[in-house]
Each structure stands twice: as C-alpha cells, then as structure tokens.
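Dropping the structures in below, format is structure tokens.
Here subunit A shows up in two complexes: once beside subunit B, once beside subunit C.
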Partner chain A sequence: MIVIGERLNGQFKDVEKAIKNKDKKIVQDLAIGQIEAGADYLDVNVGTAVSSSEKKEAMIWLIEAIQEATDQPLALDTPIDAVMEASLKAAKNPPLINSTQADPEQLEKYINWALEYDASIIALTMDKDGVPNDVQKRVALAGNIVVAAMEAGLPFERLFIDPIILPVSAIQTQPGFVLEALKQLQGLSDPSPHFVIGLSNVSQTASENSLINRTFLAMCIAQGLDSAILDPFDDKLMDVMITAELLLNKQIYSDSYLSAYRSSKSN
Partner chain B sequence: MTIERVTRKWKNSINVVTIGNDENKVQVGGETTLPFLHDEGEMPHKPVIALEVYDQVPDTWTDSLLETLGDVVKDPVEWAKKGKELGVDLISLRLTKHALEENPTSPKECAELAKAVSDATNLPLIVWGTGDKEPDNDMYPAVSQALAGQQCLFGSATEDNYKTLAATCIADGHNIISESPIDINICKQVNVLVSDMGFPLDKLVIFSANGPLGYGLEYAYSIMERTRLAALGGDKLMAMPIIANIGPEVQRAKEVKASVEEYPEWGSQKERGIGWEVATAVTYLQAGTDILTMCNPEAIKLVQEYIDGLMAAKK
Partner chain C sequence: MIVIGERLNGQFKDVEKAIKNKDKKIVQDLAIGQIEAGADYLDVNVGTAVSSSEKKEAMIWLIEAIQEATDQPLALDTPIDAVMEASLKAAKNPPLINSTQADPEQLEKYINWALEYDASIIALTMDKDGVPNDVQKRVALAGNIVVAAMEAGLPFERLFIDPIILPVSAIQTQPGFVLEALKQLQGLSDPSPHFVIGLSNVSQTASENSLINRTFLAMCIAQGLDSAILDPFDDKLMDVMITAELLLNKQIYSDSYLSAYRSSKSN
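The block that comes next holds the complex of A and B.
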C-alpha cells in the first residue's frame, strides 16, 4: 500500500493553530511522526486556517517547514490552480498532485503539470456535474482519465485514480458504488494505474469513525485498492491494512508480520 | 517473425554484505535481478566459495574424500591453508568440539583456533557452531571477541536462539547467518527477530537449509527462489544474500557414500563424489545462492570455472 498521511491539514485544530502562529515545530513533528507510522507521502492542505487570499502564502510556508525536517515526498492538496502551481515549484522531491477532476480541460492542464514537474497525480472520477451517484459513470470517467494520461505520455505508475467515497452517514449507497467501481476497474490497463481513496471521508460525522474506516479499508483493499489517504497514527487501522495485504499474499507471512512490515518501512 | 525479448525491472535489490577486513574483504549480493541474467539487471558481485574446515576429522565423511584431502584434515590450520592454495574466497570453520560431552574444548581454545586459522590464511572467515544452544552460546562471545575487526560471518541465528549471537556480533562488528528449516515464513521471522534486536539488515545472510541432489533439493531450491523473488519484489526483510551448505550435505547422500563394491554399476566413488557436489552447487547457484560451502578440491575447481564462465557473459 502507498500510504498518504492526512494529518497535515488545516482542518485539524493543531495544524490550523500552527499555520496561524507559524509554529514549525508542530508541523515538523506531525511530518516525522507520520513517516515513522508508515506514511509514504505527506498530504499538505491549509484547509480553512486562513482566508482565500492568504492560502498561497500559507501553503508555501507549510511546504517549506516540512521540507526543513524531511525529504519525504508531499501530496499537494489544494483546489486552487494558482496555489497548486506555486506548490509544485516549492516541492523539492517529485510530489503527488491532489487532485484533478475528470473534465477534459482540467485533466489536460493538470496532467501537463505532472509531466512538467515530474509529479504523480490523483484524478477523481467526478466532473462538473459532481460525484456520480452510480458505478457506471465512475468507470466511464476513469476510462477518460486513463486515455488522457496515455495520450499525454504520463506513465501509469504516476497515475492514481480516486473513485471518491462520500460519508456513509449521508448517502448509504455510495460505499457499495465505490467497491463495485474498484472491482470493475481492475484490468483497465496493463500496467494498471494506482487506486486511492480519501478514507476518512467515509466516516465523517459518524460516531464509530475509526471502526468504519478500518472495515471499509479492508473491503476496498480486497477489491484492488493499493493506496489511501488516511491517518497513519491510527494503529488499529494500520494493522488492518497490513493484515489485508498479508491475506492477499502481497507479503510473506511470518509470526511477527506486523512488526516486519513496520521495520521494513523504517529501514 | 521476430520475438520480442521480455525483460523485467525489479523494485528492490539484494543487500551487499561485506565479509572480512579492509585487506581481504569479500562482498556478496547486490543483485537487481535473478541469477546471471546480465542483460536484465546487475549482478555486481560473483558468487563465492568457502572451503569447509572442521576442528576435528568429520566422522561421517567418506574415506574417498578424506583421502583426497589428505593429512591436513587432522590440523584445521593446515586444512585452511589448503583453501588458500585452491583459491577459495573464504574459509568456513565448523567448531564442534566445544559441544562434545566428553572433554569439550573451552571457549578460549575455540577462540585461539579461529584466530590461528584467520592469521594463517588471511581469508575472511565464516564461523559456525553446532546448533547446540548452550555450548554455542558459551563459545560465541569468546570467538567473536578474538576476531573483532575481522567482520566475520557467524552462524547461525535461529528462531529459538538468536539473542546471544546478535548481541555479540553487534558488539564486535560481525555479520550473522539467519537460519530456518526450509520454511520461508520462519526465514522471515528470524530476520525480524534479529533486526528487532537492533542488528542491521545489511549484515545478515540467509541460510534456509538445503539438501543435496536427490534429497529434497527441489524443495530447498523453490524456497530459495521464492525468497529471492520476494526480495526483488520489494520485501526488504528477505533481501539478503543466501548461503548454501553444499559439501557436508553431499557427504550424506547414499550415492556418495556407497562404495564401488556395493554398486559396481555406479562407477568410481571418487568421481561420483565430485559430480554430486558439483551438481548440487550449480543448481543452488541458479536458485540465487551467493555463498557456497564446499569440501572437495576437484569439485571446487569445477564450480570456480562454472562461475567464471557465467560471469564472463556479463557485459
């Protein structure tokens, strides 16, 4: 699994405070902590900590603060084009663009950025009409994304397709759509792109959020998910992720397979 | 019709393990592909051969081999010097007398012998215990300390006996063989246990136990190959060079032990012994073995040629 740590997001109170007070220590501790817990990428999002006009400056400050502490690649998470472009310029190591929608113009622009900055990219199976309320449109949009990447010459190992999960507490049919879409998208191309979800979204506003996250992650991994934006500090969640991959024969079993996975990440 | 050449790019490479001091070091591992596929990936270090030297005359070996080796088998230091003549890369010293029930040698005597072998040959050393927990754990610290700075390869850590050896080798800077009984899950487990002690992964060599031709060779081969495939596929806990025990195992085969009088149709016992050791060695080389431990001087020469031939294909 490619783990994208979600904690460096201004929607979390500690990060919001750190951005407002320019407190690098909090940011850097979260960066290192997430890497130690198994994050391959660090998602960076200023959230609502600052007003729109200050977002670019806040994002660059965040990126630079993190990069003072680690070389781990970043997932640049902003819906604003100008902020994304500035972030791409500030990122030292090939980052992950998070994210583009599947509308042709935006797709083209963002894939070109990925090529220009040697970046990988998350493409959402949604367009200007919003998140599809079914399986078919997700699969059709994923097809468009793959074709656009192929035409532009972006290698599939740098393409992450996100079938988008909505909160189960709001729309209970959506998790099933995502699972079925993941299943149908296996074998879409060879080599295959990566499949990613923003896991915590499934449990937003639910009281059993950690349990829902864990259960849904295992179900998605069984359908071919190989990357997730999640909270690596949730040990039980990470245990489920490691175990699901073990059960799919992606790791060689040993009695200490949990610590084996963790120590091989840290080595 | 032209057939497209299919090559594969692997995610991970095998660790490079250095055995020996600055002057005599031997390096193994570093592969980025399966054995000898020089046009697919790198095989920066050639497989190496260690001469088996025991601290007493092995009582299970054939007279045919003992005659070939001659009087040196009575003196481990002289025996080891024979390795120098043969041009082997390392000496594989088997300490067994410390585990005798009657008159066992002391850890100090083991240490003196190991030091004498090291000094006499100036070849990197592999040092094995017998697998008997208590006497081995008494022996390891003394021998390890006497060879501090020589960066030897010590065998072996097992699932139920690894702590003393790991602690000792961390202190004195040696490498360790992690041993498992032809079981890939236990192989990984031993590596986890040793690395959880703080022992560096790039100082470990895998020994997954192996039989000679005719005695489960296919089984050991497939475990070795699967270990290597997992390592190249990204499993860092399996990405160690592999050592295979060739000579002593071959000495256990009926086809090697039987005299020409018992089986006239099998032909010369001496030639059978050589052939069996060569066949076993080259098979394990193809499974991914980096270090072969061998006994028979004639077999050693043939396998040296075989390795040189396969490495010559490297561009």
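The block that comes next holds the complex of A and C.
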C-alpha cells in the first residue's frame, strides 16, 4: 500500500494552530511521526486555518517547514491553481498532486503540471455534475482519465484514480458503489494505475469512525485498492492494513509481521 | 451474514470436558451464548473428545443437550457417515450438513441426505486430490457442485459452497486464491448459492489470530461471502462483520448500529 498521511491538514486543530503561530516543531513532529508510522507521502493542506488570500503563503510555509525536517515526498492538496503552482515549485521531491476532477479541461491542466514537475496525480471519478450516484459513471470517468493520461504520455504508475467515498452515515449506498467500481476497474489497463481513496470520509460524523475506517479499508484492499489517504497514527487501522497486505501475500509471514512492518518504516 | 457458531466443538477444552463428564450446562450455556452473540446455526462436532466407537453416542448426547435449551438449527459436523445419519435423525429443525467434498459419489450421497432431511449442505471445493493450490480448480469444483445440486433438485438457497481457507502462516498464497475464487464465483448462478468459510483456519498457529480473522472476514465479505463458521464470542470480529454489512447497505445506519444488531439477535 502507498500510504498518504492525512494529518498535516489545517482542518485538524493542532495544525491550524501551528499554521497561525508559525510553529514549525508541531508540523515537523507530525511529518516525522507519520513517516515512522508508515506514510509514503505527506498530504499538505492548509484547510481553513487562514483566509483565501493568505493560503499561498501558508502553504509554502508549511511545505518549507516539512522539508527542513524530511525529504519524504508530499501530496500537495489545494483546489486553488495559484497555490498549486507555487507548491509544485516549492516541492523538493516529485510530489503527488491532490487532486483533479475528470472534466477534460481540468484534467488536461493537471496532467500538464504532472508532466512538467515530474509529479504523480490523483484524479477523482467526478465531474462538474458532482459525485456519481452509481457505479457506472465512476467507471466511465475512470476510463476518460486513463485515456487522457495515455494520450498525454503520463505513465500509469504516476496516476492515482480515486473513486470517491462519501460518508456511510449520509448515503449508505455509496460504499458499495466504490467497492464495485474498484472491482470493475481492475484490469482497466496494463500496467494498472493506482487506486486511492480518502478513507476518513467514509466515517465522517459516525460515532464508530475508526472501526468503520478499518473495516472499509480491508474491503477496498480486497478489491484492488493499493493506496489511501489516511491517519497513520491510528494503530488499529494500520494493523488492519498490514494484515490485509499479508493476506494478499505482499509481506512475508512471521509471528511478528506487525512489528517487522513497523521496523521497516521507522528506519 | 449467516453465522455458524464454531464453539460447540470437542476441540475446545471446555466442550471436551463437558462431553466426557456429560455436563449439559456447559453445552447449553455455550449454545445460548452463541445465539445471543449472533449465531444463526450452532456447529456441533465432538472432535477428539471420545474414541471413534463412542462418537455416535457423544454426538447424539450433544445434540439432545443443545435441543433441550434451544430450537436454533444445528450444523452437523462429522466426517463419519453413521454419525451423520444418526445426527440427521436427531435434529429437530432442518440442519446444515457440514460437509461434503466435491467428488461425485460423496456429493450425491450428501445431497440425497439434504433432500431426505430437508437440510442445507456445505460443499467444499476440494476432491480426493486435496485442497486446490490455485483459483481455477476451486472455481471448476464449485461449478460441479452447482450442477450436481441443480440436477438433484436441491434449491441453491440450501447450498453453501466453501472455497476452503488454509492457514496464512503455512501457505501464504491461499488467502488470495480464496478471495479471487469468491470474486469469480459471484454470478455463478441465479439465484446464487451461499458462500461460506471456516474462518478460524486462516489464523491457525498465528499469534495475531483474532486480527487476521477479522481482517480476512472483511475482505471475504467484500468479495461476496455471506456466511462463515466463526467464534461469535469474539466481539471485535463480530464488530467488523456487522460493520462490513453496514457498509454493504444490509443494515440501516445509526450511530448505535452495533448495539442495534446485537439487540436484534438477543431477543
């Protein structure tokens, strides 16, 4: 699994406070902690910590604070073009662009960024009409995304398709749509793109959020998910992720397979 | 999910002791406890508590002890023909026959029992050559099983196909084979037979047995598993099972969906 750590997001109180106070230590501790817990990418999102006009400055400050502590690649997470461009320039290592929708114009712009900056890209199976309320439109939009990447010459290993999960508490049919879409999208192309979800969305507002997250993660991994934006500090979640990979023969079994995985990450 | 409680098995020390001492209370408490925890069937297996010549008597004693306390249907679990026949006669309500292999002669005999006793049947995707070391033979044997049931007139809702899970600690490719077989077997027939596994096998000898069981269960449910032989006293396992069903829209969401499920079972 390619783990994208979600914790460097201004929607979390500690990060909001760090951005407002320019407190690098909080940011750097969260960066290193997530890497040690298994994060391959660090998602960076200023959230609502600052007003729109200050977002570019805040994002660059956040990126630079992280990069003083680590070279781990970043997932640049902003919907504002100018902030994304500045972030792409500031990122030391090839980042992951989070994210584009599947409308042709936006897709083209983001794929061009990915090509220009040697970056990878998350493309959502949604368009200007919003998140599909079925499986078929998700699959169709994923097809459009793959074709656009192929035509532009973006290698599929740099393409992450996100079938978009909505909260189960709000729309209970959606998790099943995502699972079925993942299933149908296996074998979409050879080599395959990556498949990613923003896991915590599934449990938004739910009281059993951690249980719902880890159960859904195991189900998605069974259907071919190979990446997720998640909280690597949730040990029970990481235990399930590591175990699901073990069961798919992606890690060698030993009685201490959990600690073996964690040692391999914290070195 | 159709839950088959695994705890009334002479391989567990408490049950072995109860069989040897003819202690009905232990047996009846395990029966009622499993039902309250969510068991739809109670698996009954004398295990190695007694010698071969005493197995029939011990099995009948066990069945009668359970049936003094509850009418919940039983899963009759013995490889010995004479014990199975006596058990089928002793069962008050239509039981589940656990289990036949896919060799034509054995399949025919067991299907005939199912028809004669109004029973359901677990059929394993293995034959005299043992457990398949791949996906394809599992799928082929499942096809044979479905054809045999159809030709004999056994309704598919009384057929449980078991793709057989082996311990991940021993053969790490096997869980992936089972997941892929389940995936390929969806849509095998309309209506579909049930799909079942003996869940605890996957974690035999593993130190993280409960974690491995519940992770694999979520993965199998994502691939269409709708029944499992498992330990309903493992609360964390049951939490994952209930949550997986919630995510597949088989239970209505509420913040208290776990306790709602449990109340519905213990009434």
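A few comments on the model shown:
Keep this in mind: the second predicted complex is superposed on the first by the 266 of 267 C-alpha atoms of A that agree within 3 Å, B and C clash if a C-alpha of one lies under 4 Å from a C-alpha of the other, contacts with A are read in each partner's own complex, and residues count from 1 in each chain.
Heads up, the rule we're going with is that a residue touches a chain if its C-beta (ideal position, glycine included) is under 8 Å from a C-beta of that chain, and two chains touch if they have at least 3 such contacts.
Note that this is a predicted model, so its numbers are computed, not measured.
Three-chain overlay on subunit A, with subunit B and subunit C fitting side by side and no clash. Of the two partner chains placed by the overlay, neither subunit B nor subunit C lies in contact with A:61. Judged by the touch definition given at the top, the superposed model places A:264 against subunit B, while subunit C stays out of reach. After the superposition on chain A, the angle subunit B-subunit A-subunit C between C-alpha centres rounds to 70°, nearest 10.
Within the superposed three-chain model, A:160 lies out of touch with both subunit B and subunit C [touch as defined at top]. When both complexes are overlaid on chain A, the residue A:195 reaches neither subunit B nor subunit C. Measured by the number of subunit A residues touched, the leading partner among subunit B and subunit C is C. In the superposition on chain A, contact is made by A:169 with subunit C only, not with subunit B. Of the two partner chains, subunit C is the only one that A:240 touches; subunit B does not reach it. Contacts of A:252 after superposition on the shared chain: both subunit B and subunit C are touched. Figure legend note: subunit B and subunit C, brought together by superposition on chain A, show a least Cα distance of 7 Å. Under the contact criterion defined above, the residues of subunit A that touch both subunit B in one complex and subunit C in the other are 252-253, 255-257. Put simply, subunit B touches subunit A in their complex at residues 184-189, 191-193, 195-196, 201, 230, 235-238. Residues of subunit A touching subunit B in their complex: 251-257, 259-260, 263-264, 267.
Subunit C contributes residues 168-169, 172-173, 175-176, 179, 183, 202, 206-208, 211-212, 214-216, 218-223, 239-240, 243-244, 246-249, 252-253, 255-258 to its touches with subunit A in the complex.
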